[in-house]
């Protein structure tokens, strides 16, 4: 999460709307909120799923969940007009004053991948080697991020089954006492058993799976940005005309960012 | 949706037939329509799913749903005899009068990808660069469109589970009052709980999933059109014979469009 | 479906065996056939699924279902000894008398893709262009056929859920009258509700999904035939020895067709 | 199944353990074996699934099921030290005495793909053509084998749904007589209905799906063997040193086969 | 599992937390632990699943499960600073003293793939051949490991269905005695039947599926390490500058390992 870039509140907003909608519907029917509260169901769902996630990945990765949620709530690192403009500017400078003229600008580049690429261009590293190195960086980054997606997808798969486990243990309990129970007590006990199913499905569909989808979508945008950087680094290395570079950058941008680049950026 | 091209009413038609068929079957059995109306079920399904979709994507993408539905109801941008004819005509002109002769025709080209390709051909951009640029455009377009497909696919996945959530909360309600209820009232309450399942499955299978399938099928047709344009741009650049270009274009067209091109089009 | 080639009756045969087996099992238990007949269930399943399919694809594609079923009942266009022999014969002639000698044989070639390929070879089109053109033809053909597979796969997905919708609406009906009903009537009504599930699952598993699997398997065989043609066209163009061409063709044939080619075919 | 190579009894052993385990558990609870026998359930499951499989594939492929089961029970054609040693020996001979010296050894090669490859090497066929031919052979082989995997996977998908169909028809029967039945008879009838579900799930999970997994795993091993042959044929053609060839062959072998090759094989 | 590298206890820890959480939730509700114990359910689940796994793979692979579990509990063979440092050191030495100078260091290399690669480099094997050989090694390794992943994934698929089989046989038992049973006994018997479902889902979600996910994640890390070695071997062969080699190695390392390499390793 970078300072000054605001925050992507959609996960929190989505959870509020989702849970709120379910609660409103339930209350409208005359339901008592207390009937949806179940400590044992909660423990079974949360501890059971935690155990399954730890066994699937590791304690360290499990402990990283808050950090991943922070990342998921940060705005995506999409291809931006700002970065595109910087690439066009550098290509202009490199063409006019030579690749070595970029040397003192390298440290000002904020994006680490772009900085690394330009530094290697300035150092005269073979372009094929640069390509391999940057592509390795991209695929390693993708590898690590996909693990996070899979963690939440796995969580979204374990949660409903933990809900069923909670409900079945609850039903085992109810059925064992079937002979001695009156109908009212019985109904109440079955209702309690169902709360576990409710938790399992809700947590999966309003929390774990949406986070997994969100992370997957972010990776795609960040990969696009990285491909934009790769394209830019090679265009700068080849000394392409800033106009062509700009054209290339425009391909990667969404409509509003395209306008920003058209207005502000680069070539003059 | 382009004016003058009519509209693809299949989504609306399909929903009418689907919902109509279910209602007719229900009424034939002597069911009362009112029993299928449930405000709380509706709220749980719609708000719950909206929350899950917002958390999975973003408020902005969620707000774009009406626009996506508009796009889904517009006729697909398939490979057309009209565009194929235009490509053949341009290849003919380019061969007879040279590539520069296309300069004053560029602005009349309606399709933005084709216009961009021909402009670059006229500007003398290196064909490898043109290929990379157009392919980037295509893959970025595909990327954005696939997000839309996934949004509706995710919606189609969340809807039935929200239906189950609605039914389970309803059953929790019923079961909590099991002791004091008479059978008639009980049956009515369970019926109400089932309405949520009905909404969840119906909305998923008659709305969200069909829209997702439709959008996916449209992307494929539009990608085909883009590949036709790419093929055309390179054929024009290479100065291929209009006859060969026409043969290539025919490959991309469906039978009725093939006949249109044979009759009207291009080379003379 | 080509005349003189018989018909692939496996779909009809499979449906008869499948439905027959279910009926026999049901009758053996003493079931009354009338209990499995339900007009409203039928309407919900058929109209609901039709609506979902129309919304997913289009009215035009929905109307094409009888034609697709006709295609599915025609024998697959697999690689055949007949076609392989023709390819070997042409390679022999081309090698002895030159490529132009094939000119007057082009129109006798029945297979449209093979005819197109040989015509281009005779016309002296560049082999790379021939390859691209034929490959475009193959991929467009595959694209169209895959839409048909997906239509039946989607149908097979919608059918069981329509069955559940029919059953749930039926249960809503039953439950709404729970207070006033005697057990016998109640059982009958629930049985009727279950008929919808029965229809949904049966139609999906004995009709829609098998047709989808069948179409997918046919595409693979037809694609193999097209690859055989491609290999043949290039071998003819390169003037390879008929013996090598025959060896190549044998790779594509099943055992019984291999024997046919060994006996009858081509090179002498 | 090749004589002298024993048999892979794992399918039969697995079925015995699986079915035996279920029966022991059932008997331990005091269940009567007769209660699990149901002719009508059996007919519905077996005929219904047979029908669906015939409709999905063809009567011919359905009739081939016993042959496929025989193949599945034969030991996999994995990369073997024996074949590897033969390849190393041939590479040694080819290097010392020339490619033509292999001529009189070709007919002694048992593996048809290896024999075909060496014959073409001896005949002086262009290595690129050999590669294409052998790769076509491999992919056609894979294509045919994958159909068999899909047949059993489809069967494993149809079986449980046929079980549900059997149970639902049974319940329809029960519910139709709900008014006139005593509880004991009712329970018995429902139990009978459940037997269909039991058959469907059991046959799928202890027979059809395991066979499908087994066949898929066999294809992978056989493909590995074919790749080993391809590598060997090209190494022989290039006249590589037997030591390098042996190193290459070792890569394809499992640990125990590696030891066999180290001890016995090839180069001396 | 290598000595001195500790152990990855996450699987055991996860199972303890998962099972513990479910038990705590159950006990909190007042459940008796004895009600969750069922010998017949256990036999059905364990023997049924074992049978299905043996039929799917083989007795030998089934017997290998303890070894696979040992591997899964060993720390992953990820790209490490230690190996990266060794690669940088060797590249430094090779550049200064020539490739042959590595000869007496080969036997000290612990990693078998790296050792094999360097030995071939020293032996002067053609780099293309080295690449093919090492890539074959990697893909064979991956092939064997993926079989293990699939074994546990298949187990995770069979377990819940065996649970359903156990429950259905239990219900058949209960229903067969429905007439003569009192409610208390009935409830108890149904509860016992549900225990099988509980076992099936729990074993699948707290044991089999997590192990499968864990193994899959380990393969990815080990493949990364192997790719790092490949990159290193080729860099050493080409005599690249240790600085570039180090830069390449850094790409493969996680943050903490990167720091280790920066501090300790290689070039000086």
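Note that the chains take the letters A, B, C, D and E in the order they are written out, and that residue 1 is the start of every chain.
Everything below uses one rule, namely that a contact is a pair of C-beta atoms (placed from the backbone, for glycine too) under 8 Å apart; a residue touches a chain by one contact, two chains touch by 3 or more.
From a predicted model like this one, the values you see are computed outputs, not experimental measurements.
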*Which chains are shared contacts of chain A and chain E?*
none
*Centroid distance [mean C-alpha coordinates] between chain E and chain D, Å*: 25
_Roughly how far is chain B from chain E, centre to centre by C-alpha average, rounded to an integer in Å?_
40
*asked:* Where in chain C do residues touch two or more of the other chains?
replied: none
*When you draw the chains as points and link the ones that touch, which shape shows up: line, ring, star, complete, or other?*
ring
*asked:* Under the stated contact criterion, what part of chain D meets chain C in this complex?
replied: 39-44, 46-59, 125, 129, 132-133, 136-137, 140, 143-144, 147, 150, 154, 157-158, 161-162, 164-166, 168-180, 192, 196
*Inside the complex, what are the residues of chain E that reach chain A?*
8, 10-11, 13-22, 24-26, 28-32, 35-36, 182-188, 190-191, 194-195, 197-198, 201-202, 204-207, 209-211, 213-214, 217, 220, 224, 231, 240, 244, 247-248, 251-252, 254
